[in-house]
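In the two complexes that follow, chain A is the common piece, with chain B as its partner first and chain C second.
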Partner chain A sequence: MTDPLQPPPRRNPILPLRPPTLPPSARSRAALRMTAAVAEGRFELQACHDCGKVQYPPRDACTNCLSVRLAWTPMGGRGELISDTLLHHSNELYYRARVPLRLGLVRLAEGVTVLAHLHGDCPKAKADVRVRAHLDKAGQATLIALPATDTPNMADDRMLREMTSDPKFRKVLVTDGKSATGQALCRALIEAGADIVWAGVAEPWKQPPGFDALANLPNVTIVPLDLTDSRSVDDLGASIGGKVDILINNAEFHRSHGIADRRGTETARAEMEINYLGLMRLAQSFGPAMRARAAESSVPATAWVNILSIYALSSLPTQGTFSASKAAAFSLSQTLRAEMRAAGIRVVNAFPGPIDDEWTQLVPPPKLAPAALARAVVKALQDGVEDIYPGDVAQDLFAKWQESAKALEREMWDQ
Partner chain B sequence: MSPTETSATVLDEVLQALKTQRLRVVDLSQTLSPSFPQIVLPPEFDQCAPFRIEEISRYDERGPSLYWNNISFGEHTGTHFDAPIHWITGRDLPNASTDALPPHSFIAPACVVDCSAEAAADPDFLLTADRLRAWELQHGRIPAGAWLFMRTDWSKRTDPVAYQNFDAAGQHSPGPDFSAVELLVHERQVIGFGSETIGTDAGQAAHFRPPYPCHAIMHGNGRFGLQCLSNLDLLPPTGALIIAAPLKILRGSGSPVRALALVES
Partner chain C sequence: MSAPRTRYDDVVVAAPVTIPYVRYSTKDAHWFLARALAALLKTSGLEKEEIDGLGVSSFTLFPDTAVGLTQHLGLSPRWLDHLPFGGASGVIALRRAARAVQNGDARVVACVAGDTNHVDSFRLNLANFSRFARDAVYPLGSGGPNANFALLTSHYMQATGAKPEDFGKLCVAQRDNALLYPHALFKKPLTLEEYLSARPIADPLRLFDCVMPCAGAEGFLVLREEHARRLDLPYARILGTIERHNAFPDDPIQTRGGWVLDRDDLYAQAGLGPEDIDVYEAYDDYPVINCLQFEGLGFCGEGDAPNFIRRNTFSIDGTFPFNTSGGQLSVGQAGAAGGFLGLVQALRQVTGQAMKTQVPGVRHALASGFGMINYDRGLCTGAAILGRA
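Then we have the complex of A and B:
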């Protein structure tokens, strides 16, 4: 059984911060395909189209028959731990700070042997285990073997927590606490054990239904935050920027307009101010401080979540300006991911379909309930996933986009 | 008389009065700040942009020797001037935009009606023609070409939530009713109406019959508006001279202003 995670003690202010380090991150292009699957929560390895052999690590050709026709194939994860060891020394700074480490060789049911981290509750070899693929602090695919059946406090395992961003005991900023998604996120985070949820509020003179109840929730603190105002973002960064472990940017401005048949650019500008420049302002005011705290204590700063839109991938013409602002934010989030990488802060992008709120009243169902989006975000943090497409519409459009972005572009005309 | 005195012009006398503080300058403007609230329209309409300020450089790599900002705002932001073409009733008036109004119209005397007690008791307080006539019994007839300023001390509400004062039925703030606007426009020929609240009309004026009487009637008759004024409590009921010039915006419907009052001590 894993020792349950304890609320972290207050930091001893005379001790210097532990600076963030990363596990080795160089990967071949073939290996990056494994990372790409893991980023979406899938464990895939190459299976040879010609001889059927599954291989690990990924390579450009089959080690058995030299075929280059290799198909990325989902792995079940079941396997047998055939040997295990305890690593006491490493010259890598990241591992040096974390030894001793349990490592083992696992023979997967698919017939390939992999090297994996071992969860603390894994028995000694030989034993049945479940292998999961995760992103490590460097954002690259790595494997961890879990015991065959769940054990108490499993998620609190030290190495597993290096690969996930569980909100438990963490301090979270939700950039818009007033919207339906913001209220749902605050509730879901509290349920997941967050220590503090700061709920950002812009234009406080507009108080939507349900807001009073939110403000009265234990562990929720209302803070002024207007993403259109650099000074407001700076002020909040100065106040709590050194404490935020997870930042969830859900603030958005959403109107449903095309571009040619309605005069003016002001509403589109307002969308860009929040959906695009708002993200940039947050990155400048909160990014550096989060990076600096990325290895602090047992609950370091760990993740940054952007609520984007599936229409960031392919424009919905009836919401053309909104789609464009989300596409801009998506592009910015890729840069943010690159800039947060050195500290191991994970940037999680959520690409929901239409959310069941006041700006999609004329969109036919299925629509994603705000609470369902909130659950998906919390689960992504707990599972350590980088990109999520919550809801039926998002899943459908994402699959079509992967298959043919051009075909989807045409299909969106009639959406 | 000395030679100096004989040659003194009106402006010399004004300068001397300013120097000796026989004339005081009262600042009637709120600070243009991102945290000052802006007018709120229902969300399906396009909105007035709030005042925003972004640093260009501050003696740094973006500009080593200078500090300066880019600012952005709607025409009706902060303490601001409404030109007649702001409202549809004034759309056909000649020379009714900020660039075309004659500059002498930016300098005019003000009558200040103190409604602070009533507004404190009732945020929906309405200034009526009867209330104006009662004020005239005390202070004399409102002269043609003067501003009528409604003092409510609303500008002392420094908390934006209290300043906006919204509930589920909308905004609650004081303003003039139809009878007051009719009297001021047609019988007293004021140059405009000034308020301390976010607009020259009351918060609930959308529900009046006719709606928005101050905007509709003032602007339809070529008169002006000033709103988000402050320091009206420092002005005498009569005798203040107001200088409130909007920016010369091409076909502008309004503009933030640094509104000043000259007051005799």
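Then we have the complex of A and C:
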């Protein structure tokens, strides 16, 4: 049985910080396609389109019939652990700090043998197990075998926690604590066991419904944060930047305009100030400190979440400037991901459809309830997923976008 | 069954050379391969220009291959072979060279294998060993073959009832042999107690189950019998050889190697059986692989190697003289040279040049190879029987 995770002890300031290290991250192009599925929470391997044979490791041609039509196919993950070992030694710095560690060969029901990390609760071989695909600290797909049935405190397993960003015992900054989404995020994080939630507030005079109750929760601390103001972001970074384990950037400026029929660029500029430049200011004030603490303690700095929009992928013309600002933020988040990678900090992007808040009153349903979005974000952290498309609209548009971005562009004209 | 293979007639193998192993070296692989080639020339009295065939095996020659080595060493061979077979490279080098000489494509083939071991080169080699290893093994922290062989060993123990003491007996016997072999890096005796109490590396493997990476080189010459005689070189006949790659791909985990498919062919070509083998040099990067070779080459039944170990001593003067140089486990694993070590020692045994490690009256020596853990198992297997001339 997994030992339940304990709150991390106070850091001894005399001890040197442990610099972050990563598992080896070089991969073939075929293997990166496995990572792409895992980033969205799916465990897929190649199955031959012509003969059906499942393949592992990822490759360019079918090992059975030489067909090059290999289709990425969801795997059930059920399999038999046929051999296991406890590794006491590794040549890589990342693993040297983490031995002893369990590895095993698992024969999947689909007929391939995979090498996988073993959850601590897996019995010795031979035993039935469930293989899950996760992103490792380097952001690449890796496999871990879990016991056949759930065990107590399963999520607290040491190796599994390397692959996830559970808010439990972590200190989280939510950049806009007042919006409906912000409040829901704070509540969901507390529910998930977060140690502290800092709720950023840009306009102290504004008291939206529910905010008082939220501010009075014992684990919630209200902090001043105006993403349009570099000084404000810097000040907060200087004050709590060295403590934030998870940063959730949900602050946004949202108006519903096209571009040609409305003169002026003020609204677009205001959207960019928060949705795009706000993210950049946060990255500069919080990024370096979070990176430095990415290997510290049992509960290190772990993740950065951006609440983007499904319209970052394909513009909604009736909200053209908003879509453009989110597309810009999406692009920036990819750079952020690259820059946070060296420390193993995961950048999670959420692409929701219309959220049921004050700015989408004229948008017909279905709309995403703020609480549902918050739950999806927390789940993404717990599951270690990198990109999520919460809600029916986002799922629908994402599926269409994957099918044909060009066709979706036309369809968006009439949305 | 395919048509019986032709024999190697008057093609022989001679001039076993070893460039002494060192744990770490500041030199490159080229240095070791050059030394091996020079040693072959010195031993045979041949001029460099007379070497018209070259077979090369090395992991650390990158970015060069055998091609670059010809310019580096000033050779103009008319037959050239690069052998990326790791632990099976010795046998495979021999059988290819033998056919080249037999058919007149080359007159003398120098087969050399060598690697350097820089302080960090082992780690870097592991990281880029193969595409599958890079994608699906190395990222999990397994630090090279240790974890792979731990998994194979663990499974083998479950399946056959092999005990740590069985593997330990082999390691101790090989160490006893190594004490008589001048190039062995391990020069202290090993007791079973020391073996069993050594620190764990990857359960069930302990320290002395794992080869130690080092630098060094090995080599031999393949030529015609009358040529060897003219050079006054002791030589051995090539009685039978086999190779196989990626045997039994559908086995969920490796419990046997390609020898199982090819051993009848090997013994048929040689006109011999396992009982005719006087000394056996196997590829021993981990003791479990010795077991698969005992079984695969017909010294005992499948899964019966533990009993075979219990029934025999493996010392030079014992009931089953085995890995008489000490094998890689006690000599050290000089990269691809590890794939030549057994064959070179078998050649010494059958030509009476094994000095203190000489088994008396050797008529037939068997050497086998195993190489290239590409993902979850070793892909290359080979074996050769050498006969006293």
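One rule holds in what follows: the second predicted complex is superposed on the first by the 415 of 415 C-alpha atoms of A that agree within 3 Å, B and C clash if a C-alpha of one lies under 4 Å from a C-alpha of the other, contacts with A are read in each partner's own complex, and residues count from 1 in each chain.
The rule is simple: a residue touches a chain if its C-beta (ideal position, glycine included) is under 8 Å from a C-beta of that chain, and two chains touch if they have at least 3 such contacts.
Note that the structure is predicted; figures quoted are calculated from it, not measured.
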item: Partner chain in contact with A:94 - chain B first, chain C second, else both or neither; value: second
item: Of chain C and chain B, partner touching more chain A residues; value: C
item: Which of chain B and chain C A:49 touches, first, second, both or neither; value: neither
item: Touched partner set for A:103, first chain B, second chain C, both or neither; value: second
item: Touching partner for A:138 - first (chain B), second (chain C), both, neither; value: second
item: Touched partner set for A:400, first chain B, second chain C, both or neither; value: neither
item: Contact set on chain B toward chain A in their complex; value: 34-35, 37, 40, 46-47, 49-50, 52-55, 160-161, 163-166
item: Chain C residues touching chain A - in the complex, by the definition given at the top; value: 122-123, 126-128, 131-132, 134-144, 146-147, 150-152, 154-155, 158, 199-205, 249, 252-253, 375-376
item: Of all residues in chain A, those that touch chain B in their complex; value: 203-207, 226, 228-232, 264, 266-267, 269-270
item: Partner chain C, residues of chain A touching it in the complex; value: 23-28, 30-31, 56-58, 63, 82-92, 94-95, 98-99, 101, 103-105, 107, 113-117, 125-126, 136, 138, 140, 142-143
